[in-house]
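What follows are several structures.
Across the two complexes that follow, subunit A remains constant while its partner is subunit B and subsequently subunit C.
Right, the complex of A and B next:
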């Protein structure tokens, strides 16, 4: 006997299933395209971004500006400027996080990771380690001071 | 042959995508920077809308299928091929 499609044998139509599959594929494409576009925008570092070298170690953050100025546990930035962070670790894996500015990047020993952002609101914000890194991980914190230009 | 073509396509994709990405991202004006927070949370909200819409449709359809095609449903009847025993 010649094999026929289930749809034809049962008198059912397969169209709803195909429409369903097409809608799911379309949604997946939309999700992928949106995510790709946002990732593309976020990963593109502005050419005039200032470099900040961030070093994580148990259990504090050290920051070094382009001009050699060093800060421990505190970071002073200017509002409206772009900053590129080079993130290092001296011992174990940490994660550099400024929650208010959606900045999150791992600090991995033997590797340099990058992230950038431009603070657009002046004030004080928390810097914290977001990867469990030992006994005093909970207190591996810092403060970001965003100041108006020329302040 | 197919493997070579497939490999070539993957390679092309790996080269083309970063190139397009680079070109599209170029040319931003100094002093005008994107708001990372707005962008990331905006993406999150849009994707949540998609996720919850799909979740609602899929779970709604499963509930409807289970209720409609249960044996105890008064409207239940065998399909033509079941009735004929024609598998």
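Right, the complex of A and C next:
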């Protein structure tokens, strides 16, 4: 191959590359559309969701129910109810996370963030901080207790 | 090519030289030193995480400092300088000019790196490589944090100076007979990545200044107690550092564009599609920065915009992969060490990209965000793609710098160990992330799945470590005692294939 032949190599077809790029673009459109649709449904908060105020601080979680009951490091909820979290931070950025229920939202000082979920399995679940917040970040953990109604 | 190490020269002659190959050699040695230092820190982290409880590191603060310096070192002191190293060697030769456009500026840009590295290593900050406020403003202990900020400031200036030099060398000093469209793809990769640096990096430079004055209490840009907003920093940071991903990966792709045609004994499948994909990546790289911030309380519309911007980068990356495979297709491939690394790099690049689509899709990101999934994902890029491309190119380039051949068996063993280790460590980290283990934690509760996977990851990390030790021995031993290379055809590929650096150049 002569040096000046670079760039327009003769004797190959460009069709495979066009088809390949079209397939990749089609796949990305599918992923994007599906993600858009699912996220749109997820972000729709039910009207009757109960408010829980979550406060993150170095290095513990505080929860306040609608009726004013406060809990530290533990959160007791009822199975089948919908809950809306209002997330605050007192000092640095934390991230409120209940992994089993894919609940994740940053606690940003100076801002209020929202996320909601509805537990459908009773039991104990881990609550953890997923944003680096300093010395005891690794142990900024709590427990979610989901109890059957009326128990 | 200039044989840097074959002619005995006093070391100060190389150190105070402004010739592009000398500066390239300095960049290369510095970046390799930092690679081994940063990698050693990773092994410390893996020993600590081998099982729950205290193993080696006595307190969480030390652990936090180690992962911060690990990340900062490998991104800013290994990957960026190693790309500059080969750019210094090859860009002037590829555009047929006698040196870089501004040789003294080039040396200045290099000499900013050692003091910056010293600041980062002597300070040993703990606020992770992204230094999010308000932690970094109100909580991170000084003077380590301030030394980190100054170190990064110096590195930012260094990379801007280097980028200006590459852009001017390519646009103004290119031989008039060589049209831009015919310029080798490696030179194109430096042109596009340098242009990204010029647009992206000043934003972070500004954010660093604001962070510093915030820490001093003189301002409150990011401190809500003084009316600021920490999310503003995240935007400024990721506006620089999402494009930074492309700054890092584009030269590595350029290395692969050198290796594949050479060892497949076949020209590149499509030069123009490579140029197109580089340019497209450089542009769409700027449309995706806030996908790092889905969980910071963004609106649905913002998330949608940045998801589309992120997915738009996929076809361009996929075009490079196609180009590599089509170049190898039907070629008479000689599987020497460099192409093995490049092939491994493609496989891992593809895996990393597939994982990235998952992160970009909004609902799935809430599962993977800030877990080990993300750690596995970006390490597949920075190690699986960038380091694999770079190390392959170091092997490829070794005879041209030292005049001696590296040890082929050791090179292949290094590849096999690194590939197995990389798959063990980073694929497992993806799964560990799906099981919910957060990033940046010093200790974890004894959840059985977490413990098992952490053991696998630590073993994989030590397999990589053994490979890297072999690499170090190979580099030192072969550059002193390796068998002399046949400089016309060190890899015994035969034939007259395309060597961009053999283009006529009066000074070489």
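Basically, the second predicted complex is superposed on the first by the 133 of 151 C-alpha atoms of A that agree within 3 Å, B and C clash if a C-alpha of one lies under 4 Å from a C-alpha of the other, contacts with A are read in each partner's own complex, and residues count from 1 in each chain.
What we mean here is this: a residue touches a chain if its C-beta (ideal position, glycine included) is under 8 Å from a C-beta of that chain, and two chains touch if they have at least 3 such contacts.
Everything quoted here is computed from the prediction, not taken from an experiment.
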Task: subunit B versus subunit C as contact partner of A:24, first or second or both or neither - done: both
TODO: Please indicate which partner A:106 is in contact with in the superposed arrangement: first for subunit B, second for subunit C, both, or neither.
DONE: second
- [ ] In the overlay, answer first, second, both or neither for which of subunit B and subunit C A:34 touches.
- [x] both
Task: First (subunit B), second (subunit C), both or neither touched by A:130 - done: second
- [ ] Report for A:42: first if it touches subunit B alone, second if subunit C alone, otherwise both or neither.
- [x] both
Task: Comparing the two partners subunit B and subunit C, which touches a greater set of residues in subunit A - done: C
TODO: May I ask you to decide whether A:80 touches subunit B, subunit C, both, or neither, giving the answer as first, second, both or neither?
DONE: first
Open item on the list: Looking at A:118, would you say it contacts subunit B, subunit C, both, or neither? Reply first, second, both or neither.
Closed with: first
Task: Footprint overlap on subunit A, where subunit B in one structure and subunit C in the other make contact - done: 9, 12, 24, 31, 34-35, 38, 40, 42-43, 100, 102
Task: subunit A-touching residues of subunit C, taken from the complex the two chains share - done: 60-61, 64, 126-128, 132-135, 138-140, 181-182, 184, 224-225, 228-231, 267-273, 295-297, 300, 303-304, 307-308, 311-312, 314-315, 318-319, 322-323, 326, 357, 360-364, 366-367, 369-371, 435-436, 438-445, 497-498, 503
Task: In the complex with subunit C, residue positions of subunit A that touch it - done: 1, 3-9, 12, 14, 16-17, 20-21, 24-25, 28, 31-32, 34-36, 38-40, 42-43, 58, 91-93, 95, 97, 99-100, 102, 104-106, 108-111, 113-114, 126, 128-139, 141
Open item on the list: List the residues on subunit B that touch subunit A in their complex, please.
Closed with: 21, 24-26, 28, 30-31, 33-37, 39-43, 46-47, 50, 54, 79-81, 86
- [ ] Please give the residue numbers of subunit A that touch subunit B in the complex, ascending.
- [x] 9-12, 24, 27, 30-31, 34-35, 38, 40-44, 46-48, 80, 82, 100-103, 117-118, 120
